[in-house]
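One chain, chain A, appears in both complexes that follow, with chain B as partner in the first and chain C in the second.
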Partner chain A sequence: MSEAPILEVERVTKTFGGLVAVNDVSVSIPRGMIFAVIGPNGAGKTTFFNLLTGIYKPDKGRILFDGEEITGRDPAWIAARGMARTFQNIRLFGSMTAVENVMVARHVHTKTSYADALLRTPRFQREEKKALERSLELLEYMQLGHRAHELAKNLPYGEQRRLEIARALALEPKLLLLDEPAAGMNPQETEDLQRRIVGIRDDLGVTILLIEHDMQLVMSISERIAVLDYGSKILEGTPEEVQNDPRVIEAYLGRGAAEGAS
Partner chain B sequence: MRKLRENPLLLSAVIAIVALVASFWLLNHPRSTLPFLLTLGALLAALLQPIPRWLKVLIGGAILLLVIPAAGFKNSFLFELGIQTGIYAAMALGLNVVVGLAGLLDLGYAAFFAVGAYTWAIFGSPQANEFMPWKIFPLPGEYFYLFMLVAVVVAAITGVVIGSPALRLKGDYLAIVTLGLGEVVRVLANNLDQPINITNGPQGITPIQRPPIDWFIALLDRFGLHLSRAEAYPLFFYLLVLVIIGIVTLVNVRLDRSRFGRAWIAIREDETAARAMGIPLFPTKLIAFATGASFSGAMGALFAAKQLYVSPESFTLIQSIMILVMVILGGMGSIPGAILGAATVTILNVDLLKSASDYLNDLRNAGFVLDLGFFKYNFANLPNQLEPAKYERMVFGLIMILMMIYRPEGIIPERRHVLEMKKEEA
Partner chain C sequence: MLEILIQLLPSVLLEGLILGFVYAMIALGYTMVYGVLELINFAHSEIFMAGAVAGAETFILLKGAIANPFLLLALAILIGGAVAAIVAILVERLAYRPLRKRGTTNRLVPLITAIGVSFFLQDLVRLIEGLWHNAFYRRYPSFAVFEATYNLPNWIGVLTIALTVWLGFWVLAYFGDWLIRLFAKKPRATGRTLSLVAAGLTLVFLFLYRHVVFADLGMTIQMKSILVIVVSLAMLYGLNWLVHKTKLGIAIRAVAQDAQTASLMGIDPDVIVSRTFLIGGFLGGVAGVLFGLLYTLVHPYVGFIPGIKAFTAAVLGGIGNITGAAVGGLVLGMLEMLGGTYLTFLTNGAMGTEYKDILAFMILIFILLFRPQGIIGQQLGEKV
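This part shows the complex of A and B:
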């Protein structure tokens, strides 16, 4: 791809006390790609996401998003620049309705001042209507239109996961981070999700960075995969390269299994 | 009950009849507590039950604008009760933005009330002559309206000043720091009589100008109502409070249903997720804090004008806690809840507990002997300490404990919560 990569991570390290959670990791993600980060439990994948989205500040290294340095910036600032995410353990606003959840993420795209809200100016009406319409559209897109006015916490698990994606899309992101989107889904739902992720990339032109344990899903939709183990990137490559690498099997299953396989 | 709910016509009729009976009872016995409570109950039922809108307006308007004023002329205590309820309701609505919507526990809320009260007290009395070069104070009463706006602005600025350090903390820490900073404001009011006399210290400031009401008296004259100044002021403040409650409620509803309201609730529900959705934490919290403060400031100015007197004693921690009790009792995040909570606590506080005290006093003075056979008690021996009016704090504590156990979502839960409850029943 000719354009500059959407995300460049340069030698990022994060430690918690004596534990090196992310160790000297560099990744470059081209625009429009579906990129996966895999690794065993505790490999530092979610910490890596938290570094990208600004929840943690890296001890060393820098992060460039869309050509702009975002290292150590506020999560809200980074989100407003177009990086959206979902959470491994679903974090919806439970006591709000589904559509309100999505509208929260329209915050940065709604240009109404405090005075507009108090006086209900025509601009307020217009912007509010726009936010609502776009939110309903996104719910429809994630096949949640019929749930628009139900409380988020009353939705079934799979729909909550989809609602999180709809909410993230409402930011109109350039890069979407999905943290184990298929966790707890049955095979039917996973297959559905798989098509939807590809759809999001193709329809909306959003680059996708994905953490996932479901290897079937990862291998079939990712174009490139980075493998983390004990906080370090041990490998990066195409699904085929990663699948056949003994280091990956070793990371997941231990040395003995890797030797048996080779 | 269920049958009543399912039949809107019957329901409307029952509420209308109760309202009518209660009103006449109150007009004939303006000094007894029971008809007053029944009238309020009818008002509440009319506003909350699913009856036609025109009937709500009719019953609400008749009770608030006709029955209570008419009874108030016979018993001016009703006006006092109405004005106090209104002032607290407006403050509860302000605190509802901070605690109910944004989830920021603020224990220093009375500080903003103090700031508003002193804003008008200082300039609406000769006090400002003490430190201002021009000897033009007190400002004439017409300036009161302007100073309500000034109080809103000053309180909002105070909110930003107090909030800027405090809002970087969360939960319990925030509560403790706001409590401390709230006390700082009171202590400042208590001690700023030296080196320059700004607040007149513990003696407080008096007399404070009231807005002139000659036009109001003249207006009432036209309708054949001839009132002296002393009679007209309570009615005027009562009506003014009703107007302010209307404005404050409108502001509350509009903010709640805007991107600001949604952002506040998002922060309350999950700060991390809210930030990840592009909501800047600190500024959004600060807006909530300043909004709540400004409501309190406006009511402070009104309080100063009504009382003619302010002193630091009116702005203690127990005031902040009382307003918090109103919000929690009514239902956090719920607008009708905040108003109902304010009414309940105020009436309990200034009316019911005192009535109960008076009743026990009567029994004591009459030397009434309770004789249950196995148990005999002469009320003449009742110790003075056992006066319900002195239980105020214990009653608040009890209310809080019982609410937390049996109805943590409040008397009138936030709308979104109600939907959920209905779902669970189904």
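This part shows the complex of A and C:
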């Protein structure tokens, strides 16, 4: 079971009106891998994420997550089964504190009934306490412990990015999707992030799928890379293979550049 | 003349406060539903009515079986709240959710649906009551214990007058400060100066009127009013705790801020919306029972005026904001009572208490025109 890929995407297509955003894409992601999806702007990377998480329903194809078909399921259902994500443009609950943001994602792991809540039974108190403690642990893990009770919107940009990851981890995901985690970061922050992503995979055994424009980051941590261009997967391989493929240079810089390079 | 007006003030404010608590509890239902769905649930006044009628039936049916009026009231509150909560959940399931699932983006559609649901519920209750009793006006039985009147100590009244006068001067100072800045572009320090002046004037005023202030104000309160205050405070406290300290509350706030992100964190927005209707409906139902206790007569159309007043209160405090709804309810209740009482005096009886409704709706119009975000503000993102 654990040898089977965590995520299998089979020939998925999504169109908006006449625009084919994702075209017949198949990807298989083994457990424990750091897998990157790259491609120029508008290549359909974020649409691809939205298909995985259930925001969009694919027109064709199917998606298997942890051996279970999730095609066309609701986002909440998919998330509860262990797929968590962060966002390209930060989407924290701004007027909630950092720890509350994390507790939102603990929701599915907290088991209390309304009778428990109303009567404040020991079980209720235990569960709420556990959720709070676990959330604080995650904040510590992302080095945000000192910010626990500040409103998310008041945190500096880099910490907001880390908080998004902490929140995603609170779901206890099997697969973590990171949508441009290094966007807007300076080189030092990016380096820090790089270590952190590898750390998350090693410490928690979470498979990581990331979209990223920072090639230095992608090439140094990814074990496998898929390249999207105009919604189609044009290539998949190791960083070395991808780096040296003329099709990738062409996709990013246009045909002339590719010819000049080769 | 002025002395009478001042002597009346504490009693009027107290009455307003009691009414305000009822408004506040209904307003919470509007504001919470708006928080998660951005929908003005105009059927909420009928959810309130369902609670009021269910409470009346409970009282009437169990009056013979249970002798203790307090126990009876507790049961009526529970049943009224439960019936209203069930009605609220059904309304969401049968009327609003299908529209949401259909992806209707026009916000007028759910609004008109709400009004339709409202009429439907009014006449449904009328039908049920008509078939059951052959009459649809129901009266809350009166109990000597509830009607009992207690005298309040004089210092409460004195304190109320002092606070009101101080608040009045403070508002004047604030307004004056605004005027000064508008015309003279003076630095902001004037505001603080003026509020100091206001405090000073309050003391002078109290000194001048001490024979009024220290006279016996004769404030009284009925047992049922005390019960209304106690139950409302308990409900408001409970709601505050629920929203801020439980996982359901955190989930409600998350959905209110960003339903899609919440769903990506494993929270099913439909479930949370349903729970929100449950909570809002329960509070509305309890408010219905308290309303019945205060005014005794309830019928299928009783929800309209309190409902729209509570909507005004929710807008006044800042729709989508829980604290705002509570504050808006209390402020509206007091303003209405003040207006209702003092208009009669000031116009020599030409304009009676019936003008209090006009006053409430004028407040709604002015708030919508000049401060649509309400007193407390904090719309949308910060809501619930």
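The working rule: the second predicted complex is superposed on the first by the 260 of 262 C-alpha atoms of A that agree within 3 Å, B and C clash if a C-alpha of one lies under 4 Å from a C-alpha of the other, contacts with A are read in each partner's own complex, and residues count from 1 in each chain.
Criterion: contacts are C-beta pairs under 8 Å (C-beta built on N, C-alpha and C of every residue); 3 or more make two chains touch, one makes a residue touch a chain.
No experiment lies behind these values; they were computed from the predicted model shown.
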item	value
Clash-or-fit label for the pair chain B, chain C on chain A	clash
Which partner reaches more residues of chain A (counting touched residues only), chain B or chain C	B
Touching partner for A:Met96 - first (chain B), second (chain C), both, neither	both
Touched partner set for A:Met215, first chain B, second chain C, both or neither	neither
Contacts of A:Ala131 with chain B and chain C, given as first, second, both or neither	both
Touching partner for A:Ala148 - first (chain B), second (chain C), both, neither	neither
Chain A residues contacted in one complex by chain B, in the other by chain C	53, 55, 74-77, 79-80, 84-85, 87, 91, 93-96, 100, 103-108, 110, 112, 114, 117, 128, 131, 167, 170-171
Touching residues on chain B, where the partner in the complex is chain A	251, 254-255, 258-260, 262-263, 265-266, 269-270, 272-281, 287, 414, 416-417, 419-420, 423
Touching residues on chain A, where the partner in the complex is chain C	53, 55, 74-77, 79-80, 84-85, 87, 91, 93-96, 100, 103-108, 110, 112, 114, 117, 128, 131, 167, 170-171
List of chain C residues in touch with chain A within their complex	242, 245-248, 250-251, 253-254, 257-258, 260-269, 378, 381-382
Complex contact set, residues of chain A against chain B	53-55, 74-77, 79-80, 84-85, 87, 91-97, 100, 103-108, 110, 112, 114, 117-118, 120, 124, 128, 131, 150-151, 153-154, 167-168, 170-171
